[in-house]
Each structure stands twice: as structure tokens, then as C-alpha cells.
Amino acid sequence: MTTGSKAGRRVEWMLTLPSLLWLVVLFVIPTVLVLAISFRPPTPSGGVGDGWTLQTVLALRNPSYPVIVWRTLRLSAETALICLFFGLPVAYLMARSSDRAKRVLLLLVIVPFWTSFLIRIFAWKVLLHPEGVMKQAFAWAGLVAPDASLMYNEGAVLLVLVYTYLPFAILPLYAAAERFDFGLVDAAMDLGCHKFRALLNVFIPGISRGLATALVVVFVPALGSYVIPDIVGGPGGEMLGNKIAQRVFVDRNLPHASALSSLLTVAVVVPMLAGLALRRHRVRPGGVK
Amino acid sequence: MGTDTGQGFLRFEGVSKAFDGVKAVDGVTLSVRKGEIFSLLGPSGCGKTTLLRICAGLETPDAGRVLLDGRDITELPPHERPVNTVFQNYALFPHLSLWENIAFGLRVKGLPRQRIRDEVDAMLGLIQMTDQAHKKPAQISGGQKQRVAIARALVNRPQVLLLDEPLAALDLKLRQKMLVELDDIHDEVGLTFLYVTHDQGEAMGLSDRIAVMNNGVVEQVGTPGEIYETPGNSFTAAFIGDTNFFEGVVKGAAGDGYSVVGVDGFPCEVVCFNDRPRKAGDQVHLSIRPERFVVSLQPAEAGPLHNQVEGIVEEMIYLGAQTRYRILAGAHRLSVLRQHSRFLLDEKPPSWKDRVWVRWHADDGYMLERFRDSDRGLLPLSEQA
Amino acid sequence: MQIRRALSLVGVLAAVAIMAGCSRAGKPVLHVFNWSDYIKEDLVKVFEEKYGCRVVMDFYDSNETMYAKVKAGGGGYDVIFPSSYMVSIMHGEGMLMPIDRSKVPNLKYIDPDYTRFTMDPGSDHSVPYMISNSGIGYLKSRVPEVKSSWGMFDDASLAGRMTLMNDMRETIGAALKFLGYSLNTTNDFELAEARDVVIRWKKNIAKFESEQYRNGLASAEFLLCHGYNGDVMQVMEENDDVGYVIPEEGTSLASDDMVIPKDARNPDLAHAFINFLHEPEVAAENTAYIFYLCPNTASYKLLDAEVLEDPTVVLPEALLAKCEVIRDLGELNEKYTKVWDEIKAAQ
Amino acid sequence: MRRGLFPRTVTALCLAFFYLPILVLVINSLNGSRYGGRWGGLSLKWYRLLFSDERIWLSARNTLIVALIATVVSMVLGTAAALALHRHRGRLQDAHYALVFTPLVVPDILMGMSLLLFFVTIAAPLGIVTITLAHITFCVSYVAMVVLARLQDFDDALIEAAHDLGAGHWTTFRRVVLPLLMPGIAAGGLLAFTLSVDDFVISFFVAGPGSSTLPIQVYSMIRHGNPPVINALSTLLLILTVAVVWSCEKLMGRNYADSSRT
């Protein structure tokens, strides 16, 4: 086509420039700003001081942070793994269903997406209410003490995280399973594999791209969770997101908030970009034709 | 060699095009006469499609020019050229009805509504699809799509119609039927067709003239008969039809227009027709088409221009119209076609493991220059046993 | 062409949205930033009608949140309701507009006794709104043996069903009072002791919460909560099983004031709003509804005796002597932030 | 091969898990008691309260305005970006791709935080404008990705065919590329709209006085304890959602039947 020509270049710039400029101004510059402010001192009145300092970043060594960072990583990883565990059979069933059943199942998975996510979290508060039906049933069964609360602990945070992100895991898994050739499973069984082994050895590797995507789309947003631990988490369920929000909305310590954000940014964006660079070069080599 | 230097309606002059440093088209000069069906024939990757796309304006050549009716159109963008293309997979617009697909070019030109309606309806009549006009491309068959694609191009009255392997997506039966239809359409509209194909059968059946292309260059231009009977080189001989190749050395002359050739692995020397000045010691390829051999269970009497070798039937494949034999003769395996003619049924057909005699007349062989090394992979050189 | 249909639907929606906007355009707008449930909404409607304007309210749950939001470019509010110590911080930062006394004639009703709670006795840049105290709200039927002490948070039998405020000055202050120290202390040892007390309490509480405890108390989600008197009293209106005690060790008193930020877009209307809330009838109605005391002398006469004699609204002198107003500590505020961080991070 | 018992059980459990909270919420919207745990008789009072709560409708209006603008702008920017990424190769597009892709994986809170700092630094007054700018920023990437996926299936020969038939760049774009991409662009727009309407975290960071969107309002209502009204609101939204999905499905279903398979 006209890729190489001058007119082609002009068209390319015309198409590229709007989104490029927009994202540079409203995404790159703000992110760099966060990184920069991490090295500024805070002022007691809640502003950003002049000059440069390592104090803020070094303050991250304070023992209170590793606890939160570790909890954030652990809860996110647990969420991702649980979502994969439950998402896989669902995606498998969907991919093997008739076209009509597929559509219905897909809709059933997507519709909760379209109810406000805050409202769904709030519904869990009602479900887990210490005077609610669930709790009373548990107490009656002797599973929990009569005055105990099901909420405000790490378990509740994990439960609601899984609830929120499970559809995000199902969709890419389903997309991958849908493209998978189930004849391969039959072939493996024909070659003497037990059905479970056949699925493990053929189906799982066959949808590895989908698995990776599902893992990323659950794990990464979970790292930034803020609302869920805020609403159902207790004093011991704080995650990195809550700390950032606290620094911004309560302590008004922007450099500290920036340092924490930078930590999260580096943890998320750097591996992402590296993966992207690798994949783009593998998948889209050079030109078309 | 073999390039056409005469004046023509559509002319390529020294056209070259490279992709990522690889030459797809290398200094091609060709001319197409007005009103003829001209085919570009060659294996995939030979540059024929690139040449067609250069003609359509979809690629810009790195060097050379394209002239249409004496006018240089090299720099003209595709939408300003008086040529139209029938694409390989037809490229019908899936969101438009067949009627709208055909009307597309006229609408873009901004013709009056009534005129568009008339022309599209006439074109639908020509391809006999008037009753399907409202359908979407997804709802019709491959053959119908092809007809619509042709109609969509023809309705613009191009000076040249470019066809990029238009039959490749069809099955064998349909292909044969469409070939006839294409020919009919050509007769009816009397346009110049530039036809790209890798299928020699299509090219032979349809074309007035063929340009055989390989590695971005034109190997030979000629009528189908010329190309089959007197291939310009080993590549053409191998690509057009099936043949047996033997590497040989000219030993000397054998009367007017014949030479004696020594072939390694043959027990005897071979007499062969020679139309070029060759002297003893020249390296040549000897090409003999499988249908030119005669195979029988008894040796025949030798004549002055007869060749005969003895061999063993290694393999036989029944093809319906004929039988293909693979016969080990000396150090060579010969591919031989035997027609199932009534005249030959007197004799019991040779069978597996039979000792047979393979004969051919000196005029049935053809001597060619040796091919370039780069072509080696393309050639079905007879196996050395 | 369902796409075209969808697009036209979007167009209609847009038109509706814009028309909904237009119908209200033209009226002046007063942007108010307030604590939640800290004003009787009906009074706001009265004000809107009287001045032909529209009042838009946003809410916050702690002084720090409010300050952070306003500081972070959340300008454009006309009236804000910070506690006194926050008023002095904001004033120090030059964020406040001086009060034009001529536009607030009702200043004459301000209770002179009130001056001991405020840092701006002359109403130079702030006008008092309400006096509040913090204490313990609880469910009478579930916590029959309630003690009027901060020590209640050590009661392991209520573990997981109690809340402390998510407010560092209030919660650390409660622990300091429990230990018998001043809640404005800057003494490191006292603060460290208080920190350990809160960390101990933390094991028993469901969460640090400054707003949802009202709802939690009302629905018996929580059995015992650290909260403000008026808030708990409002819950009591709905659920008479709820009780409120002020710990005998003393507690924090807060005077929440009304201020007009420098960048207010509608200062005249803001002055009018402040003046309106000090109309004796309005102040009385407001106090009777939200159960905080408005220091407006003329309004006292209009209040029910029940309210005036309620020891949690108007504190008895003996208890009052043990209470303190939270003060701005300037740079030393950071000590509290640090202690608060340690509390939050403790396992 | 039969569909096993295990996938079916897990799927049933997951769907129950998805819909249990929603069921609770619908039931509670009709519960006369203010507090979830107790049943206070069937009542529509929360719906009446909802319709008289001006703040909810104001924030709904804000949400709608933000979402519509964000959707339209991100559809334009995203489509252009997708076209550039699809058609061109080279360093510029590599960088462009990274730039478009990264916002998809950056947690909300980081985007909210960085945009807040940015707006504060340039002294932009926070409000509905900053919310809209923020929403466009994350919506662009989603639209671009959806359209790009659609472009992968796009037959470039159609563009060549249009040129060949005499159409210039603009005509080709308008009459061939755009109509064929429209389902993709619409899908991207729908996604952007959904995301914008539901976004809380980013809006919360960059919101200013009186610019509350519906999620911010809902959050504040959850915190300040006016839950039954939220239940009523979300029940209504749910009914609306199901109605829209259902009618879309009807329309699409008919459309599929029309054009069979491509």
C-alpha cells in the first residue's frame, strides 16, 4: 500500500497523533510526575516542597510497608489462582456448549458486569452481615461463634476480590478455549490418555495464552484494590491501594503517596512493557506482505 | 530472453520492484496487445501478482514505467487508472448488496442515478444474476461471487481488466465452467485481459499469449502452442506440462537438424532434434514429454531416427484416460504415459515387473540450455537411480 | 441498521441530559462541603427557596479528608464546616476569606461561653456551627453491662463487633484520655503508650470507621462504637436500643465552624447561608434534628428542655473539666501521623 | 466426549456466586426494614425515596454527560489509533502500541493518583471536566484494542478493491472501512460507556465540588448509610441493563440470521 510514500507518512501521523498526544499528556506526563514527586519533600501543610530528597523513598523501608506490600501481593496472587481454578471449568463448559447455550452462558457471565461494582460489593456486606441469614446459619451449625463477624477480615477481602475478578478471568479463558481444537483431546485419549490427563496435557497447554491473559487481568488490577478492602476489610486487611488513598485523602502527604504509587507502577508497568516488547516482536514481525 | 519488444497497448518497460531487498520483479519488459487475453504464468513467488498490482497501481515500481495506450501511468494512483481488477478472493464488500457492489465504482465517479441503475442492471443481466441483486456477498456461492467481481470491474469499462488468479478459490469442475464463461465474456465485451495464474491449464485454455515468469523475470512469451512445443528453456519446459529431463553432452551431428547426445546412465547414445547451432561438447538438457514415449513388451525395429531403451516397470498408476508408468531404464527412472487407445489394446498392457522397451522418435526429444542453479528446486529432474 | 438506531438513542439521551441541565441553569449555585448528616436537609430547601438558589452538597468524614480534598484543587466550595483546629490550619495557610460581619447580623446571638472552645473567638474568619463531643454508642440489649470508660474496647467478648473512629486525633486522643494524658500531648512517651493501647484495642475491633458505624449500630452489625454524640443520637431516633455514654476519663470536644474559602465563587450567598443557619428558629430546629448544640443563645429558648438537659448534648461541668478541644500542633502533627501509621501497620 | 459433571457443577456454583448478591439486593430493595438482615414487609418506599432524591438524579446526569462525551471522544481517538497501529509498522507504532496498551494494565488507583497530581500541578480546577478527561484517557485504550481486534479480521483487499474501483482515500474510508468497522467501533464505544458509567476510583480522585458521578454518590451513600435507596437504584439499573442486553440480543440475533456467515 502507501506505507512508504510521503502521503502514507502524513496519513500515519494524522491517525497516530491524536491518541499519541492525548496519552502522552494525560498518561505519560502524570506518571512521570508521580515518579518525580516521590523525590520531593512533603511540607507540613500538605504541599509538595522544593528541592530533592531521598527521604521519602527511603521511608519505604519502614517495617510497616513490607507488611502491606506482602499482604497486597499475597491477596492478589491468591485471587488470581482461585479465579483460574474456578474460571477454567466454566470456560471449558462454555466452549463445549452449543452456540445457543454459549450465548446464554456468556450473557450470564457478563450481566453482573453491568451492575455497578460498588453496589455488588455492598450486597456482600448485606450477605455477610453478622445478623444476616448466612451468619446465623453458620452460627447455628456451630461453625462460628454467635457474636463473631464474617466481615472485616482478610477472608472477606479475598472472597469479594474473587467475586469481582472471576468474570474477568472467565472471558479470556473462554476466548482461548473457544479457539482450541477439542479434536486434540480426543486424539490424546485415543492414544491412551485418561480424560483428565488428556485435558491436563493437551487442553491446558493449548490455551496457555488465555491462561496468561487471565492471570494478568486479575492479578494486576487486584494489586491496586482500594474499594474492596476499604468496604469489607478490617483493621488487618489494608492493601497498598488503601495506603495510597490514606496518604492522599487523609494525611495529605503527596510525596509519600507518590513513592508508594511509583513502587506499584514499577512493579506493574516494567514487566508489562518488557513482555510487550517481546511479544510484539514475536507476533508481529516486520511488515505485512 | 524471450521478451517482447514490439509496440503494444499496455507496456511494461524495465519494471523492477523489491520487497525488503528481495527482487520480486526484475527489469520486466512486456507488451500486451489490444483486445487479447494475456496471461502471466508462473509458480507462486515468481512476481506475476506484483506485476499485476503494479499495473493496477497498488504497488509503485522501484524502476521502469508502465504505459497504457501510449500514456505513462506509472505515477497514477489506483483510483485514477482506467484499469480494474478482479481480486483473488474477489474482495466483494460484505456490507453492500451485490447490486451496490457493482454500482460502487459508478457511484464513486458520481454518475447520474438513472445511468447507474441502467448500467448495473445490464451488467447483472450479462452475468445472469438479476434475481440475486439484493443479496449480500455472504449469501452466494463462490462461482457467483466471481461473476459479481467481474461485473463490478467491467461495469467501469476499464481499458484493461486485471484478473488475479480469479479461479483459484473454486473447485475443479466450477473452474472449468468459469473458464468457458470468462472466455465468453471476453468475446462479448472485447476488452484487453491481463490474467495472472499459476495454473498452466487455465493459461493454456484461455490465453491468446502467455508470459512465463520465474524469479521476477519473464522467461518466455508466446502462444500456448509455442510455449508447449518449443519451450525456450528448461524452466519453461518443466513448468508447462510434465517432462523427463536428462543431463547430456552433445557428441556430434546426425544429419541435417539432428544431433547425437550422450546421456550418463543410458546404455546407448540418443538421436535428437536440434534447432540451434550446437557443437560437440555442449552441455544440454534433453527433454522428452511422458506422452511421447511408446512402451511395449517387445522391442521394435530400429529406424534411423528412432531411439529405444530397455527397462523394467517399477510402478504403474491407472489414471482413467491413461496409465502412468515409472520405468527403470539404465540409471534413469522414466515417466511414461500410455494412452488407452483401442489401437493399442491389441497388445497386452505392460504390468508390474515386466521387461519393456521404451521408444521415441528423434523429433519427440528437445534440447534445451541448462537451467540456472537457482531454478534447480523448481524442476522435476528425472531421478538418478 | 441497529447501529444507526443505537446512535439515535444515544442522541436522545444526550438531549435529555442537556435539557435536564438547562432547566436548572440560571439559578446561582452554592457549593457546600459538610460532614454527612450534619444539617437538617429540609432547612436547606427552605434556604434554596428563600434565596432562589440551588445548594449542592458534598460530604467528608474527617477534617483531614476535607483538607486534602480542598488542597488538592477541590476549590470552588463556598461554605465548609471544619473543626476549630482545622480552621486554624486553613487560616494559617491563607485559605480562608475574612467574615464580613455586616453580612452576618445574627453573629450577635453567638453564645459567649462558646469562646473557650474556639481558636477564633472574634469570628474573624469563621463562625461557630455546632459543638460536639465523642463518646461510645452501644446496643443496650447486647451490651447490658456497659461502663462509661474507654476501657470497653478491651472487652474481648465484643471482639469483631466494635469500631474505633478512622480519625487519628480522635482515636489516639481517646487512648490518651484513657491513660489520663492530654489529647494534645506531644510527649513521645505518652504517645507511645497511647499507641500500644490502640494496638491492643485494634485486635478487638471490626474496623476503623468514622461514618458507617451509624448504620452498623442501627442494624446491629456493630455492638459498640466510638462516635460523635449527635450521630449516635440520630441513630437512637430510629433504634431505641441504642445508648450513648461519654467515658468518665474525659473526651474530645469539637467546635465545628463555618468558613468561606478564599476561592469561593459565591461569597455573598455563603454569608447569607451562614447567617441563615444562625436564625434562632433555624438553629433550634437544626439542633433538635441533628442533636448537636448550636451555640446560639436566642435558640436555646426555643429548644425542648429534653435537649437542653441531655447530658450528652450539654455536658455537666465536672465532666466538661476533663474534656479538651483538639488543637492544631503545627509541625508536631507529624508525631500523630507516625503513631497512626504504626497503629495501622501493627499485626 | 460428554461434558463432565465437574465443569457443570463449578459453572452452576459460579453463577450462583455471581447472582446471589444481586438477588439479595433486589429482595432488599423491596424490604420495608432499613436494615438488610430483617424483613420489614413488602414496600416500595425506597423507590419513592429514590425518585425524590435530587442528588442521585444530579449525579446520574453528571455520569451520563461524562460517559457520553468520553464515549464519543474515545471512539474517535481509539479508532484512529487502531487504524494507525494496524496499517503502519515501525518504531513510531511500537511506541504508540505500548502507550495505548499500558493504561489497560495500570491499576485504577495509579491512574487516579497520577491524574490528580497532574491536575493539581497545572492548577486545573477539579470537577466534571477533569473527570471527563480522565475517563477519555482510559477509554481510548479499550476502544483502540477492540477496533484493532476487529481490524485483524479485516480483509485489506477490500481497501485495494475500493481504490481500484476509483475511490480515493477518504471515499474508501467513508464507504468501505468505516461501515465495516462500525460494529467494532460500536462495541468499543459500548465498552467505554460501561466503564465510564461504572468507574469509581479514578473519578473519586479527580472529582471536585458538586461533580459527583453516580458511583461517587453510591459510595458516599454506602458510607453514610442509605443502603435501601441504593438497592432500589441498582434494581432499576439491573432491569434497564437486562432490557438493553435482551433487546440487543434480539437485534443481533436477527442480524446474524440475515447475513448468515461471512
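Should a chain be cited, it is by its letter among A, B, C and D, assigned in written order, with residues numbered from 1 in that chain.
We adopt the following convention: contacts are C-beta pairs under 8 Å (C-beta built on N, C-alpha and C of every residue); 3 or more make two chains touch, one makes a residue touch a chain.
Only a predicted model underlies this, so the values are computations on that prediction, with no experimental measurement involved.
Chemist: When the contacting C-beta pairs are counted for C-D and for A-D, which pair yields the higher total?
Modeler: Taking the two pairs in turn, the one with more contacts turns out to be A-D.
Chemist: Among the chains, which has its CA centre at the largest distance from chain B's?
Modeler: It is C whose centre lies farthest from that of chain B.
Chemist: With centres defined from CA atoms, tell me which chain sits nearest the overall protein centre.
Modeler: Smallest offset from the overall C-alpha mean is found for D.
Chemist: Hey, how far is the Cα centre of chain A from the one of chain C, in Å?
Modeler: Distance between chain centres, rounded to whole Å: 36 Å.
Chemist: How far is the middle of chain B from the middle of chain C, if each middle is the mean of its Cα atoms, in Å?
Modeler: 90
Chemist: Roughly how many whole angstrom separate the Cα centroids of chain A and chain D?
Modeler: It comes to 17 Å between the two C-alpha centres.
Chemist: Which residues belonging to chain B are in contact with no fewer than two other chains?
Modeler: 58 - these are the residues of chain B that touch more than one other chain.
Chemist: In chain D, what residues contact two or more other chains?
Modeler: Answer for chain D, listing residues that touch two or more other chains: 35-37, 116, 160, 222, 227.
Chemist: Which chain A residues touch at least two other chains?
Modeler: In chain A, 1, 129, 131, 248, 286-287 touch at least two other chains.
Chemist: If we count contacts the way the header does, which residues on chain C are in touch with chain D in the complex?
Modeler: For chain C paired with chain D, touching residues are 2-3, 5-6, 10, 13-14, 17-18, 20-21, 29, 31, 33, 36-37, 56-59, 61, 72-77, 211-212, 214-215, 218-220, 238.
Chemist: How about chain B: which of its residues touch chain D in the complex?
Modeler: Contact set of chain B toward chain D: 56-58, 77-80, 83-85, 87-89, 91-95, 104-105, 108-109, 136, 138-139, 152-153, 156.
Chemist: Given the complex with chain C, which residues does chain A contribute to the contact?
Modeler: Result: residues 44-47, 62-65, 67-68, 129-131, 147-149, 151-152, 233-236, 238, 246, 248-253 of chain A touch chain C.
Chemist: Considering the complex alone, what residue numbers of chain D touch chain B?
Modeler: Residues 155, 157-158, 160-168, 171, 175-176, 179-180, 258-262.
Chemist: Quick check on the complex: what are the chain A residues that touch chain D?
Modeler: These residues of chain A touch chain D: 1, 3, 8, 11-12, 14-16, 18-20, 22-24, 26-31, 33-34, 37, 86, 89-90, 92-94, 96-97, 103, 105, 107-120, 122-127, 129, 131-133, 163, 166-167, 170, 182, 185-186, 189, 195, 216-217, 220-221, 223-227, 231, 241, 244-245, 248, 254, 257-258, 261, 264-265, 268-269, 272-273, 276-277, 280, 284, 286-288.
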